[in-house]
Structures are given as C-alpha cells and as structure tokens.
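Order of writing sets the labels: A, B, C, D, E and F. Residues in every chain begin at 1.
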C-alpha cells in the first residue's frame, strides 16, 4: 500500500507544479511554431522538445544526473557545441560575394550597433530599477541582435548561463521572424528611388582568394582580438576546409553528419535551460522585448550605413542590402532581394546582399569577443 | 532484505507494475482514439497536411542551398534530393 | 635479463587465467553466431569482440584507464548510449499500423507480463535460496522479456550493472532466436480456425496523426510516469523528428551515422562487462534460463490477450499477431506473418502485426520506468 | 555594482565595442582589398589554381582507393564521385 | 580609459611573444604544405590550423579551459581518438594481398628496425650529452619510423606527451615525403636485375580467410603481447566489421563520418601541442633529424630483408616491395610500383607491395606495444 | 637515470624489441599459412562463403526496411542499395 502510494506520488499528476505545466505548454508552442510555421525548425524542434522534457515533474532530466543536464555540461558549458556548429557554418559559407565587394563589410559592422544599443537599453532599464540585469546579463541579451544562434548561445553560456534558455529562444524566434520584422523598417528608411538602385555585376572571385581569406581573418583576430579567436577561429577553420579542396572528406562530414548531430544535442541541451524557475520571470519578458529592439536597431543601422556608403563611394549600393548586415543567413539576404524585386522586378539583389550577410556573421563574432573580454574580465 | 520481504515486494511489484502498464496503455488507447477522431474531423474541413510542412532554408544550417555555393557538390545535391523526395512523399500521401 | 623476464611475464601465456580463456572463447562464439548465424550481428559483433578484448590478460582494457572502460563510463553509466539508440529507433519507427488500430496497444501491454512474471520467478528462486538475486537484480533480469536491447541495457545499468553483460547478451541472443522460440508457443495456443482469421484492411492514417502521436505519448508520460521519461522521451523525440518532415537533415543523420556510431561503442562497452568474474558464475545461468522464460511468457500472454480481444471486439483479430507484442521489431511481426501464411496462403498479417510490435516497445519502456521507480527507489 | 557605475560601464562598452567592431572590419576591408589585388596580379602571371589542388590519396585515410578493396562499395564510389566532382568544379572555375 | 587600456592590453599586438609569432608562421607553413603541396592534407590541415589557434596570444585555446585543450584531454590523453582512427583504418584495410603471400609479413617486421635503430640513436645522442632524451622520449621518437600516424600519436601520448606535437608533425610530414625519401635508398640497395624481378600472380583469397584473419591476429596478440591489444584490437575490430559483411551499416559509418569526425578533432588536438615552449627547442630539431633517420633505416631494412627472402625462398620476390614494409599506406606501395615500372614497364608491383605495406602497420603496432610495455613499465 | 644505464636499457630494448617483432610476425606467418590451408581444404568440400552472410533485418536497427515506412526515403534506399551492392560483391566473389 505504501508502495502504491509511492507510485501515485511519483506521477506527474501529483508532482506537477503550475510553472512546469506552463513551460510544457511553451515547449509545445515552440514545437508548433517550428513544425507548422517553419520557425527555424532545425533548432526549435530540439529546443522545444528539450523544454518539455526538462519540465516533466519528478523526472529530473535537466538536473544533475539527468541526460539533458549531461548534454548541457558536456556540450554547452564546455563551449564545444556552439563552436563545432560554428565550424560547420563556416564550412557552409561562401565568402565569394563578400570578396567581390569588401566594402559590404561596413554594413556588417554597422548592423552590430543593434547589439550595443540593446546592451545600453538593458543597462538603462536596470539603472531605472525596472529590471535587474548585470553588465554581463546586458551583454548576453545584446548579442541577440547579432542574429546568429551559435554566437548567442556561446556568449550566454559564458556571461549569463541562467538566461541562456530565454536568449536562445529569443534569438532563433526572431531569426525566424526576420521576414516580418525587417521589411517595415527597410521601407521606412528608404524611398522608391533608393530601392530601385541597380548594383554592378560582381567580379569573379578566384579560388585562391577564397582559400587565403579565412587565413587573413585568422591573422587579424590573432593580432587584434584574441577573445574572438574561439568563434572566428573555428569558423575560419570550417571555411578553409571547404575552400582548400584537399580535405573534401572532412568538409563534407562537417557540413552533414557532424553539424546535424551536434545540432540535435545542442537543441536538447538548450531546452534543459527552459526550466520554470529560470524562464518564467520578468527577465524573460525583458529579454524578448530587448531582443526585438536589437533586431530592429541592427536592421536600421545597416540600412542607414548603406545609404551613407552610397553617398561616399562611386559604385552604387542599394540601401536594401544594408539590412542583411544583421546576418540571419540567408533569410535577411532574401528579404533584401524580395524588397528589391518589389520596387523593380528586374532588380536581383540576392548575391549582393550575401556580402553584408556573411559580414554580419564576422561582425557579431567580433562583438562577441569584445563583450566576453569586457564583461567577463 | 529478508526472504519474506523480498517475496512480498516482488508480488507487489508484479501486480502494481502490470496494473500500471495496463492503465497507461488503456489511457493511451483512449487518448489516441480521441486524437484520431479530432484530427480526422479537422482534416475533413482543412484537408490533409499541406506542402508547407516541407523544410524551408533556415538561418543556421541551410546555407548550402543559397548563393554561389558549390551547387555541384555532393552535399547540396543530397539536400536537394532530400527536399524533392520528401516533397514527393508528402504529395503522394496527400493524394492517397 | 630482468627486462626479458618482464616481457615474458607480460605475455598472455604467462598471465592468462582459465576464466579469461573461457570468456575469450565465449566472445568468439558470439562472433560466430553473429556472423555465421546472423544473430543480431549489429550488436553481437561489437559485443562479442568487446568481450574478447575485455579478457585479454594484462591488457586491462575493461579496467579503469582502459578504452573499453572509458566507453562504458562515458556511454552506459551516464545512460547516454541506450537513450541515443532509443532516439534513433524512434526515428525509424512507423506508428501508422498502431494508429490505424489502437486496440493493438493492449497486445503490447499484455506481452509485458513476461517481464513481471520473470521478475517474480527470480524472486522465487532467491526465496528458495537457489540464486541470490536482489529485487533490483530480479527487475533487471525481468526486463529481458521486454525484447528490446537498449531498454534492457538502460535498466540493467541503473539496477544491476554487474549483471549488465549477461543481460545484454541474453537479450540480443533471444531476440535473434525469436523465429525459433515463438512458433511452438503460438501453435500450442491457437487452433487452425484462429490462425485463419483474416483482419480488415487498415484505414489510411494521416501525417498529422503521426506528428501528434509522439506528443500525446510524451504528455501522458509526463502525467503518469515520469520515470519512463528518459526512454520514452528520447523515443518520441526521434519519432517526431522523422514524422514532422521539417528536420529531415537531423532525422536522416539520427537514423544513419549517429545510431551506427553509438551502436559500435555501445556494443564494445557492453563487451567490457563480459569479464570472467561477473559472467562466469551461476547467476548468468539463471539469467539465461529466466530470460528464455520471459520471452515465452510474453509471447503466450500476447497471444492469449489477442484471443480475449477477439471475443470482445467486433473487428476480427488474428491471435497470431499477439505474439508480436513482445516487440523484437520487426522479427516478431514477421513470425506472425509467416504463421498466418502457413495457415492460409493469402492471409498477410505483417502490417497488422506491426501495431502490437511497436506497442510492445512502448509497453516495455513503461515497464522499465516502473521497475526503475520501484526497485531503485 | 552601483547603478551609476553600471551606467558608465555600459556606455563605455557601447562606445569602445562599436568602435572596435569598426576598426576591425575597416582593417579587414583594407587587408582583403590588398590580398585580392596581390592574388589577382599573381594569377595573371601563373594562372588560376591548377588541378594539383585536387586531393591525392594519403597515408591515413585514403586506403579505400587502393588495391583490391571493394571497388563496388558505396564508400569508395562516394569518394570517387567526390574526387570527380571536385575535379569538375576546379576545372569549371579555371575555365571561367 | 582603464577599460580602453584593458582592451589594448588584450590585443595580440600587445601580448604576442616572439615564439608565438614563429609558431603561427610554422602553422601557416604546414597549411601551405598541406594545401599546395598535398602533404597529408587530411591531417596537416587540422594540425596546422590547430597550431595557429594554439599560439594566438592571450586566447588560451590550448590551455586549461580552452577548446583545443578540451579536445586534447578528451580525445588524445584518454587514447580514444588514435584508437578510433585505427579502427577506421582497419575498416579500410584489405588483407587480401598479405594473405596471398604471408611471407611478406617478414618485410613488415624488418622495416621496424627503423624504429629501434632510431631509439638507439636517440639514446646515444643523450649519452653523449647532445640532447636530453629519456628512454621513454627515445621510444616515442623511434616510433616515427613506424610511418603510421595514429600509432605515433598513441605512443607519444603515453610516453612523451610534451613531444607529441613535434612527433606527430614529423610523422605526417615524412609520410608525405615518402616519394622523395625512399627512391634513392631503394636504388642504392638494388641493381637493375633485382628491380626487374617479376613476381608470380597472387592466388585468390577467399572471403572466409579474410574474416578469420583479424581474429587470428587478435588471439596471437592476447597470447603474446597484451600491450599491443588496444591498437591491434581496434584495428582488427574495424577490419572484421568490414570483412564479415553482416554489419555493413557500421563498417560504412566507421570508414566515413566517424573517421572523418575524429580526424578533424585529432588534428586540432595535436595542434594544441604546437605551443612555442614545447616546440621551439633543440629537441624538435633532434626529433626531425631522428625521424628522417628512422624512415631511411626502415626503408633500407625492408629492402635488405626482401633481398634475403629472395635468396631463401623459391618464389621470386622483387626487393623493391621491401620498402613498402614501413607502412605509409598506400604511398610506399606506390613508390615500389613506380620504381618497378621504371625498370621494366610491364612490371606491376602494386598489389605485391600492398602485402608488406599492411604488414608494416601490424609490425609497428607490435613494436608500439613493446615500447609502451618496456618504457612506461 | 644514469647515462650508462640509459645506454644499456636502450640496447636491451632494441634487441628484445626487434626480436619480439620477428617472433610475433613469424608466428603470425605460420598460423596464417595454417589457417589458409585449413580454410582452403574446408572450402573444397563446402564451397566458398554462401549468400547467407548478407545482413538480414534485425531487431534494433533494421526497422526502416519494414512496414509502411518511407520506402522512398534516402535512408532506406541507401540501405537497400547497400544490401544489393554487398550481395553483388558476394556473388561476384563466389563466382570468381
């Protein structure tokens, strides 16, 4: 009888706390958005499912000894998973459009203002006592504006592990929402004439340039910002493997089974941070609001910088490609292309927008290095 | 543990365990039947799962489908093949 | 000269103990059965080879610092390998036949009686002083009747790590022997008329049902039996990845390179538990006997339950598909099909037997949850 | 940390951070432009990357291309296919 | 202002030490050799890149907490990576030519003299006070003569972790240089008539022989040299998986995504040992010199043994295949073939040279076992 | 360790090591020759390895070959392909 009682006490009905129930519903919502609405499904399916698993009452999957906690410690606390993903992303990245037009790097730089403005916003909210974010928290929230999942997770794991769940969810959700968030801002900041600007066809980029470029980045990182070395180093390594053409075996595995495997476990491990205590509080609300702000400011900064560049340089630059500087590869570039086609149905901007798009990845990794150096120091 | 305790523990575990398995799977039968009934009704009005279930390119992993990447490479061919195949599967199921 | 002596003392000739020699022969026997007789080769080749390696005298591969011991600690003691395999099995499972006929879940439930009856048998043998099994040991032995390799290994690693080697070997060997063990029992419990029963063609199951079903299981697990959450959670996650169609990249990797890689290391790690001390004793004999009992009782319970259901429900159910409730996917279902065809050469039962077959996987994972909750608690 | 300190820290981080991002990417623009200029000049004399960039069999991993190994097996076919594909890509780029 | 200073002090410009700069250049040189000159690119691309990353000032990637250090501890210190690679190499090895002509095992044995002679050389240099190598150091350096990357790394990680970087670099570099190092030695030790010797066509080897052979090696290892069990055990396991034909799923994954993934991380982890302190010293010079000696002596011993065998046995043996006994699969065999064709354009030695070639892998794994037993004991 | 000890240790290791390598590989030559002789004799009566060496579906991993699973999916195609290929290899070897 005791044992029957024990069994009853072990059920979810008996143990479930309201917070856990809500978090399970939130996990289900993420699964719905991922599967039905195609919100970054590759990450949000594992994150959502992990979130549900983490909140099963009494199962303790996200606590010490639980399998999700194990994945978290092994893969995220150590930094390994985001870095391996970044290596895979590097192996999938083509720097060709960037090399054809290196000025687009400035667009990738400008868009990072979203990160720092949001950091300042979080600091202000804390100063006015509305939230209680530390400088490290503020930096981790700001990085959502980098529009780059693995970078967000890496920075959050270093600076604010407690906020990691909310930051990752915000990061991927807003990336999925890029086609909704960006167009109004882009339209507000450009006029019809701006949007019709046609850009020159890109020059051919030789394979040798593509091989040397990741090494150039690596050297500059070594000289200027060692704190960005883990992220940019792994990124450049992946890219070099792809471009050098002598290790195609390794590059193919990196782009396929390796990144897929790590994505599954990264997602589940992030899900382990969606516990009721750390997610169901005012801070998450702040993170969601500030994250949206970060995306919007980044988009605006990119467009404004493109307009400035267009004034300065001889070669015409369509301001619509500025928004692609936030990264969110390749969706932001597609948004640029779509708005370009709306203004002039022969104005294909996709390849031109890929330049600032990958520049945005470099830019936010640089920003991540600075934040880690400054806020953790 | 004494022998008699072991015996009674084993008996309890057998009875409660087997009981629990049946309770759980009975509930699962009921809920599954309910689920199928709801979905079948729902699909009568909206139709079966539309093609939008097909994976679209995403911000983290889908890059090889974009831009000037090696369209000739195995990996992007695979991924195209996968998309085509899963699209075919979906259409096949829809038409059935 | 000292060093020469040292070298001689390091040889296997000098160090080999009789038990080690016997275990090496047993490992070779497993390899023979796997390669020549097709006994579950995907597991028994690594387990057999691992068993040989573990017993090489003086090499210490299965002791602290040895590579097999490392695989064991990292993969099995942590629970990770069986859970990842279960995720992969989920990604390979089609719940269609089960959804077309949910009543077959009762067959999957009934067949679990093999687990609990065997547990009771082990307890009785201990009570009469024939063996010395604790309740946890008895539970770990009973789970052999679940006819599911990763579930057996997971439960054994939690409840009786010392018996893990014997339990895993028994589990996979008997699964390979399903085509020999089941038919006599099935024939004894049915008559010609029973075996000729034709079942109605299955209705079409929509993709939406297949997507929602793993989530339904997950919710019920969360409410009723959190202790089954690791196993069934990972199983449902794998299945959702497969069915939702938006993460085919991840699902394909899970079904191929990921599950293959983990299978190799799981097998080697199980092999590390085939040391002479823990395998060459009376208990192993008991485990082998009780395991056979478990399979037989499970088969019989499934068939009897199918006959009962056939009486109760309007829709005809061929009792031959009851035996498939033990799981051993897909061999048990094939055995049902084969016996159906023997009785009537137009009676194809394969698809009907797949329902109880996958129900048996769910059933034994539920039973595993109960056993871990009760016996470890 | 006091509120005012937090504020000034945030401000400093914003300014230096944004500044640093621009410095870094400006240097990258310059160095990249220089690199492309050098390589373009260099390739005018030596031509684009020759076919020798293609992977040759190596002592650790390339064995399946050698000897009596299962030439019919998936893996070696894949690897042959990869070699052929990447060779084609190289030639295509060279001719462009 | 303090913080600005802090940022400046964090740059590579401020922190870079001369040694680090040199090591970065050396890493770049390795990348150049790998990519441009096709020096074992599958390993030297990751090693070279890892070497650059390890020397980025202030980033600490190769120090405790850094990602490369993590890869080293998890994969090399534990012994796992080299052993998994060896399993993959086993799954890619065809013992057919060796089984057709088992006498070629003697060539694989003789070529290991390069290992032991070099060990003696290192000991002599220490005795004369030119270098300061311990016996374990000398053994780890000698193993470079085994011409087998994973074996070198495995032995170095056990006997001389500090020298691992230099030993791995020397090992792979000289393997890449086999087509330059071997021919002069082979020409010097043979005359035109020797080189023109035609060998009999190899008999057909049945699949059953190929399946049993790895088990034969395993048994002999268990009886004679348990210390070689980790290396040869994993090697034979991989080979058995390939040949037994019932676990093709596992064998294919081993030969592809598994070995590729491990190769990437092994390379990066080896790169972490290319720090200025441990690489930029006189010892590295000694290692490079002795490594070259090891390859040369191994080549010469193989050729001489082939000449001796040719005298003893009835069946003609072309001495050119003796050099393939150093392993460096399959390049050494190709070198034999090339020199054979030079002497007589119809004299195809490739398949005959594959026998000693894989025998060399077994031979150096045996030697590795002896060295670990003796020098670590 | 003193210099002279090091020297003598090195010498011992060289001699015993090289000796051991030869002993081991000589034994391997003998046992391998014996094995081949036995197997060749054995196969004269029973024939070479029969087609039963081909992988059959198993209880843990072989599911995708069964039931209503996506027969069109990449993975099951691969596995069918593998089976066909390895079957072909086996037949080829048998007929040779």
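The rule is simple: a residue touches a chain if its C-beta (ideal position, glycine included) is under 8 Å from a C-beta of that chain, and two chains touch if they have at least 3 such contacts.
Values in this document were obtained by computation on a predicted structure and should not be read as measured data.
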Do the two copies subunit A and subunit E share over half of their interface residue numbers, or under half; same or different? different
For the chain pairs C-E and E-F, which is connected through the larger number of C-beta pairs in contact? E-F
Calculate how many whole Å lie between the centre of subunit C and the centre of subunit D, each centre taken as the average of the chain's C-alpha atoms. 46
Express in whole angstrom the distance between the two chain centres, defined as the mean CA positions of subunit B and subunit F. 38
Distance-wise, how many Å sit between the C-alpha centres of subunit A and subunit B, to the nearest whole number? 27
Touching two or more other chains - residues of subunit D: 9, 13, 16, 20, 53, 55, 61, 73-74, 78, 82, 86, 89
For subunit C, which residues are shared contacts with two or more other chains? 3, 7, 35, 38, 41-42, 211, 224-225, 244, 246-247, 249, 252, 256-257, 260, 263, 370, 374
Note which residues of subunit A are touching subunit C in the complex, please. 3, 6-7, 10-13, 15-16, 24, 28, 31, 34-35, 38, 41-42, 45-46, 49, 52-53, 55-59, 61, 66-67, 70, 256-257, 260-261, 263-264, 268
Touching residues of subunit E toward subunit F in the complex: what are they? 99, 102-103, 105-106, 108-109, 112-113, 115-117, 119-120, 122-124, 126-127, 129, 134-135, 138-139, 204-209, 211-213, 216-217, 220, 224-225, 244-249, 252, 359, 362-363, 366-367, 370-371, 374-375
Of all residues in subunit E, those that touch subunit C in their complex: 78-80, 83, 211, 215, 218-219, 221-227, 229-230, 233-234, 237, 240-241, 244, 246-247, 249-250, 252-254, 256-258, 370, 373-374, 377
Enumerate the contact residues on subunit F facing subunit E in the complex. 1, 3-4, 6-7, 9-11, 13-14, 16-18, 20-29, 31-33, 35-36, 39-40, 42-43, 48-49, 53-55, 61, 79, 82, 86, 89-90, 93, 96
